[in-house]
């Protein structure tokens, strides 16, 4: 035995290196006070590692974020009854543009300016456009609020007011008075089917928000309700706005932006069926009435026609409405040995911190600190500094 | 020498602190069994640190995620030949809306309802709309499937069926039968040029998917092919769908959502030319035929006209088609001293774990554990607990 | 005292475990050279932990990324004066589609082909379409550049050139010559109001880019300027392009993609009012003139009309313009005890690395390495290997 050891370790120092093991020397102190403090620190660290890192943060899992695709389909009919007669609005009329990637816009209110034609007409009255003679108008003037280019002439806007004439789509739009209540107030009862397919590429996991147990019959009549139908992917627009704490009819007048948030928090170590979407709704634009510069959401679009004589005419629509942005969030975790080992490793390393903290107490705060220091430390002085004064204090 | 040391260390304890160094005392054990176990643990940790952290995870790099901008351009002509005659469909006809930020929709099938006008007509037959007399109809009734508002009258839908009259865009759409094969089945041969510019802001690195060696001549005739033309950014729609394992003509009937995934995995420590995009294709919506509630992708839009007498008429189109979402993923890494140092540091710290694990074996599992414990530990008992029973075991 | 200790520790070893404390034995070396090296390493680590981890990286905070919603509103009038007469273009004419989620497209140039009708006409001249007789044309031929399907006949394109006849929207578009300067060159003076609401869900923090002190009066006349009006959310398109280092009029001809980047870097430990957006602008598509295959940004769309006799006619527009993508970035940090503790912990652990590095110097590089080794190590040989040769070197 001795020989073989001698042989091996004689042949190469590399080989000798293989059979060595270094481990720190330890002072093992039996003391109620210090022991309790130490164990308390260690308990704290253990609780943190197990409770926070492993149970709460799922430190034994690797994670992936969601990749999502969304399609939406709105259904509903609105009726307007005004001076122009009764009119029906269906989905092809009030969804603009007809399809978008992750959002949809529902027109709820509008200012229509029909039969506009390129030509000369009086500008809308305003501080910079009312005039008394041609001298008040500047040929070629355009500014941000103009409807067209001034021709330099001052013409009658109506019986009492004169304004500068502009080259524009005539007659110019009058958007001073907004219909109240909103014209398409029936939009509150529209429904939207949100189809959402998600994927966690790292785990090759796909799922969609129409869950497997939902059949056609249920899907044709259900409407999402937080308590009774939490898995139905069909939402009544009025419910969405109400859940976000807003009033649909108020919002319909000037428009706004709503978020439909779909959250997929999946623990893929659990059953497939436990990974389900959770829907929440928020208003995304500002609603603070005190600080509400430029409120709501609106834009202008036109329908172009050709008159019998071939000139282009258009119907300009200033559309107010609610844009619904579908936002999909998600994180999935699944057991993986590498993050598990890393977290166990760094958890063990943290116990070193407990020792450091205890050492501070033991060596600097306790009454018997000098006694403990003597046990822990072996004092060595460098000969070059003090060759004849060896102050070896380690005398166990 | 002794004096200067004495002088300095006498003047201030701060100064003395500068010239101190604490290092743990170590038991150096020469033992085959223990040494081998220890080296095995250390090898494992070294392999993990070098192999996983540095080589695989590129622990010496800092990372950035991609910022991308996408434009697309579809080309192709489709011909339809039905009762209404032969008709040509070009890009301005079948891309709806004409431009989107990161996706494009190609109409492949449709149900056209021409010359709709606001008026009264018979609702589509259905369980809740067929009637025998006015008493079956409710004035003002609207539901999610309605095409309009019921007027309360029961009128003839055709020779045999009577349905409730509605105020609606008349005649109402009949979407019971979907054209098979898809009307624009030629869409399989359409091509799309995807232009993608990416940027890694942290490294001020930009690149685009039209690589520098691609010239106009090649770009005008190439079509992406996984093997022969993997760098051509022009994709045949049929190829995209086929690579995703789907059948284009089947998909064209009811529509769907396809993902064009562009992956930029760049190691910026390597050559600039090695950072190239990789294209993959996936179907994003559900295709599972067993659980296929609400399949496909479709939406409705209208073209508005004005008749000679000024009334508004429209052509309603229920458009079925494929939405292509361009999804850009990417991560770039570049050498940086800080993550390198952090990973070396935590790698070194991990070696402490090897010692902990070995200690458990040496001190609790080996036969000679009591011998090793005696070498490692120095036992100290607190006087306050047992003043007269000092159990000093450290007798080397 | 001794009794109670004896009682407790006699009853259970678990109890005894509570009152124990292990701490490593240390060699405390007083040496100028080694001490200085050690303190230098420690200073470096401390500087890294405090400077980099805590001050620079804000290691005492937890972080959240921004959730954002964007709406935009463009204003401005353009005038074109060509053979067709003077014409006004307003927002409903040049924004296509009228609304998008996070971007908007402003048409700056176009090729208009009015009064197209389905029919037969001569294809645009080109290498594969010019012909001298019907034999040069193939009935049914379609390729990627075709405007329609060849009928097999060779007809006169104009007085001098003959091309193959196609079934197409006739007359076919001639996009050979692009208007220079751009038709809607006035777009340089258009302005866009960008409304951006952000949210950090983890901190329940919301804010918008119209800051509270901005009132309606200011908002109605301000234009963003890096120095004088850095908080005004209204941008002149020409300024955006100029700040990105581009020439608007050049870009307007062929189109392009611009990024409006809004950065919300918020330290929520500071005042609410210090969390403000920062705007930057970049060109997102390629502008490199040397490698500019397929430059610019354009797409085709149509306006559909019905002629008096009921046939469908359309105006095809090839629209060139600038797409503005609004990109919102943001990260917010707020003090949290958990990341603070983790970073303090791993900072302390790093000090172990200083000791490891010092040990390497002390035990392997210094002249007195053997002396220090003797002090640090206690050599133990396993009896099984060398039972009669105990080489205990630890003789303090």
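When the chains are written out, they are named A, B and C in that same order, and each has its own residue count from 1.
Here, a residue touches a chain if its C-beta (ideal position, glycine included) is under 8 Å from a C-beta of that chain, and two chains touch if they have at least 3 such contacts.
Going by UniProt, the chains are A, B, C = P2X purinoceptor.
Values in this document were obtained by computation on a predicted structure and should not be read as measured data.
With chains as nodes and touching pairs as edges, the resulting graph is complete, every pair of chains being joined. Because subunit A and subunit B share one sequence, their contact can be compared position by position; here under half of the interface residue numbers appear on both sides. Spacing of subunit A relative to subunit B, judged by their CA centroids, is 15 angstrom. Contact with two or more other chains is made by residues 5, 22, 24-32, 34, 97, 100-101, 305, 308, 346, 349, 352, 375, 377-378, 384-386, 396 of subunit A.
Listed in rising order, the residues of subunit B touching subunit C in the complex are 5, 17-34, 67, 69, 71, 73, 75-77, 79, 86-88, 90-93, 95, 97-101, 186, 189, 191, 193, 195, 197, 199, 208, 210, 212, 214-216, 219, 303, 305, 307-308, 313, 315, 338, 341, 345-346, 348-349, 352, 368, 371-372, 375, 377-378, 384-389, 396.
Residues 1-2, 5-6, 22, 24-32, 34-39, 48, 52, 96-97, 100-103, 105, 118, 142, 144-149, 167-169, 257, 259, 282, 284-286, 291, 293-294, 297-302, 304-306, 308, 314, 316, 319, 323, 325, 327, 346, 349-350, 352-353, 355-356, 358-359, 362, 375-386, 391-392, 394-396 of subunit A are the ones touching subunit C in the complex.
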